[in-house]
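Before anything else, here is the set of structures, which you'll find just below.
Look for chain A in each of the two complexes below; its partner is chain B in the first and chain C in the second.
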Partner chain A sequence: MADLNPGGRARDEDGPATGRSGRGRGQIILVGAFALAVVFVALALVMNAAIYTENLATRSESAGTADAHVFERTTTKAAEEAFRYAHEVNASDHEGLRRNVTQAMEAYHNVTRTQQAAGGQLVDVAVVPTPPAGTNVTETNTVFESPGGTGDWTVASGVSGTRSFRLDVENWLGDSDDELWVVAGDADDWYLNVSYDGSQWEVGVNDSGTYTTCTTTAASDVTVDVSGGTVDGDECEALNLGDVGGTYDLKIRNGSVADGDYTTIADVEPSAVAAGVPTEEVLYAMTVELTYRTPELRYRTTIRVAPGETGG
Partner chain B sequence: MVTPRRPPSDGGDPGRTDAVTSDTRGQAHTLEGVVASLILLSAVVFALEMTAVTPLSASTSSQHIENQQEATARGVLASAAETGALERAVLSWNATSEEFYDTTDRGYFASAPPNRFGELLERSFDRNGIAYNVHLQYQDDDGTRDSRRFVYQGRPSDNAVQATWSLVLFENDRIRDRDGDPTATTVADESTLFAPPASDGAVYNVVRVEVVVWRI
Partner chain C sequence: MGDPPPRRRSHERRASRGASGGRKRTVGFGGLRGQSTALDYTLSLAVASLVITGLLVAAGDFVTHQREEVVRTELGVVGEQLAGEVAAADRLVRASDTESLSLNASLPETVAGASYTVAVDDTATGEWLNLTSQDPDITVSVRLETETPLDPDTVGGGRIRVVYDPVAEHLEVRG
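Let's turn to the complex of A and B:
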């Protein structure tokens, strides 16, 4: 095998000494060829490893996080729908509403569990027990005074959160220097001021002693969306009632100076709302706990449903 | 393997060159053996490494394409669900023929369905030479999983990717007409609907919409 360079021929032409060195050169060439082969194989290996590395690196779905995210989004949508459905169909008491949303999410869990299991995912969805009670307080075309006719009154006491809180002031009944206030707790902490000088509405907020004017408008009426943080659709950051910590009493002062509509959902029982004000039992919020597990991933999160809440 | 032709030693005469070349050749033979074994070994390693790449994808570029297609399919589903187009498409049920409106004789669409969801699919995939199947999975009467073809364009290739979205149907959701507008019938009242009720409560069924995408 190694004697590829026939020694006889070389010896015949160039003499014995040259023949032997010619034989040696043939072997060197052979070894060189082998060495080159090794280098090529090694290069191919390196290339292969590089391609494989990039292949691994570009696999976005190595842990399936996107699937977990999709499942969270669909569950959020399902929870919101279940919440809406319960209030649409079963407008009864808190217990009935709680039962309704819990059963709906259980049914959702039962069906999705088998569907997800077929893809190798274990899921768990459950409503965190006892969704907080809420009360919808809504009055339309009313003077903003208590049912008994008092201008300064407490709408609801012991409130720690409100959602879908809106005030629509339509007609001014007072003087130009009168002010309609909506107070959270103490007037030093937070109040909303609406006034009318005969031609222009002014809406402002006093937050811990700092007064901010939201807007002045010459429109026929003014709509203040406290939860949404807007006045007539224009943003006003100071409206944020969520900054008022702890529990507070929601009061109206000088309610007799204006009329219009107001609506809010407060996280209290109907008994905490002033007597005579129309109320409706609703759920204030619902929290759903979600677990999504695959062999590579364990994902846990909570979904909170509170339509119309500030920041929600 | 190699038989070195070592000339008979004549006592190691330093004046002769034969002995030196013989020694060199012996070394070369040894080196040759070592290098040959290295080739064999590296070839085996190479062959072993090869198996890690080939079964999944032929090249890196196709992996990129798969990622893109998967992300697109996911985006199409998410936007269709967000706008309500997905629900309208799934609930556009023709109670007379007990099929979706305007399907082929086989009861499914062979191309993009004539609705907003179909437009999204068409814009995302049809124009780029990408085929897709859409399956609807739901819970059957006996509590097992069942599936129905919504769009079927053929058997997916090995490089197909899929994206899913779960659509929750509530018992008071309305069946839609051909244009996607709600009719007076709710899903709970429509006995011919492809998915039977999965529970007695508010949730009627959960339809898992699965889009399978591949390059033609």
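Let's turn to the complex of A and C:
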């Protein structure tokens, strides 16, 4: 210890008291220096933690959910395009359409699987077998009565869902107190009412006994988008046919009071549609199962494609 | 008080050194030098102790204060990171009909050497992540908003999972 004191050796020669004094001061300073050194090491560790915090703050989310989100959106878009393409180029029966969309999504899966694997992600995309059948019912420039000329008739039976359901009433053939109804199930459940008093159209909805007027307009014709929930482009919340639960018959009452166009895609076979009405076989919807896995993320979802469906 | 002045002493010292050697010199000035050394020793010891103690206390307080600040900042950063992960999970869940979702949030086990817990709280003012460190005892609250309900729970810091329960249709933060 004496060697750490610069004056230690010289003072030792002067006597034991002087030597002890030198040693004592050296020890205190030394111990203090060690203690301070420990404190500074602790301070360095704290500063290190602060730097790590700054580093942590600059990181983006670590689980890669953004990549999963991108893949989900990409797959949804691919499924929608495959669905649309199948109906555009393959105007065949239900089986042909199912085969077409399934093969398209398999091709998409084979491409993306390799791409995603290169980035460390395992993905699986598959169409749920047997997409539900649908029937497109479209008539233009027609009186809204059955092919047999009946005003009250059933368009389709056993319907549980419709999409792209639109009604364009162009000319009024009845009296001012007549009403054209589109009924889902029973008139007590849900019906759409269109009437014309000679100058103005009125569109309203009766949902379980509650009648709501959507709009009144003096336009030359009125377009009711039932699936979109709009009348002449203006929103009408009561036009929600999706709230009618279970299966129902889609009917028209007093169809002979007006003419125009109507179109809908119902989730039924063509045989469930009234005879004589032009139909086309389509797929009502398609469901795709998607699985996305990384070491940090496990994601499994189903993508439903049903263009023009309420809320879709 | 009749001691000779320093000048004379040094003069005598030089003279005695030449005449009789070291032993006599020590005996001749031992008492005077002993008093001076004892006082010097005590004063030096006291001053050195005061300085060292003051430095230690000041540095210790400084380090403690800095550590608390770092813990508070890091808890805030960790909370924001976790809130970001939960919000990202919420977006992913709402993107489509999610059947299952589980993501691992890689968060530090400790903040500046202190372990911590994360409490998920759903109050009238919104959803909160309350992060509390054990030593020092510091709590930092981070607010987040999710469309999917968030299940209240308390988990330890470190490896945290955000899980979606498709039956109850809510998000959970699990340890």
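Quick note on the criterion: the second predicted complex is superposed on the first by the 286 of 312 C-alpha atoms of A that agree within 3 Å, B and C clash if a C-alpha of one lies under 4 Å from a C-alpha of the other, contacts with A are read in each partner's own complex, and residues count from 1 in each chain.
The rule is simple: a residue touches a chain if its C-beta (ideal position, glycine included) is under 8 Å from a C-beta of that chain, and two chains touch if they have at least 3 such contacts.
If you're wondering where the values come from, they're calculated on a predicted model, not measured in any experiment.
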### Task
Superpose on chain A as described above, then tell me if chain B and chain C fit or clash.
fit
### Query
Can A:100 be said to touch chain B (first), chain C (second), both, or neither?
first
### Query
In the superposed arrangement, does A:68 touch chain B (first), chain C (second), both or neither?
second
### Query
What is the contact status of A:35 with respect to chain B (first) and chain C (second): first, second, both, or neither?
both
#### Entry: Partner chain in contact with A:114 - chain B first, chain C second, else both or neither
first
### Message
Per the contact definition in the header, classify A:49: touching chain B only (first), chain C only (second), both, or neither.
### Response
both
### Task
Look at A:78 in the shared chain and tell me whether it touches chain B only, chain C only, both, or neither; answer first, second, both or neither.
first
### Query
Between chain B (first) and chain C (second), which, if any, makes contact with A:86: first, second, both or neither?
first
### Query
Of the two partner chains, chain B (first) and chain C (second), which one does A:177 touch, if any: first, second, both, or neither?
neither
### Query
By how many Å are the closest C-alpha atoms of chain B and chain C apart after the superposition?
9
### Message
With the touch criterion stated at the top, can you tell me which chain A residues are shared between the chain B interface and the chain C interface?
### Response
17, 20-21, 24, 28, 31, 35, 42, 45, 49, 52, 59, 61, 66, 73
### Query
Which residues, counting only chain A, touch chain B once they are in their complex?
1-3, 17, 20-21, 23-24, 27-28, 30-31, 34-35, 37-38, 41-42, 44-45, 48-49, 51-52, 54-55, 58-61, 66-67, 70-71, 73-74, 77-78, 81-82, 85-86, 88-89, 100, 103-104, 106-108, 110-112, 114-115, 118-119
### Summary
Listed in rising order, the residues of chain B that touch chain A in the complex are 1-2, 4-5, 17-18, 21, 24-25, 28-29, 31-32, 35-36, 38-39, 42-43, 45-46, 49-50, 52-53, 56-57, 59-60, 63-64, 67, 70-71, 74, 78, 81, 137-139, 143-145, 163-168, 170, 172, 198-199, 201-203, 205-206, 208
### Query
Which of the residues in chain A come into contact with chain C in the complex?
14-15, 17-18, 20-21, 24-25, 28-29, 31-32, 35-36, 39-40, 42-43, 45-47, 49-50, 52-53, 56-57, 59, 61-63, 65-66, 68-69, 72-73, 76, 290, 295-304
### Query
Quick one: in the complex, what on chain C touches chain A?
26, 30, 33-34, 37-38, 40-41, 44-45, 48-49, 51-52, 55-56, 59-60, 62-63, 66-67, 70, 73-74, 77-78, 80-81, 84-85, 88-89, 91-92, 95-106, 108, 111-113, 162
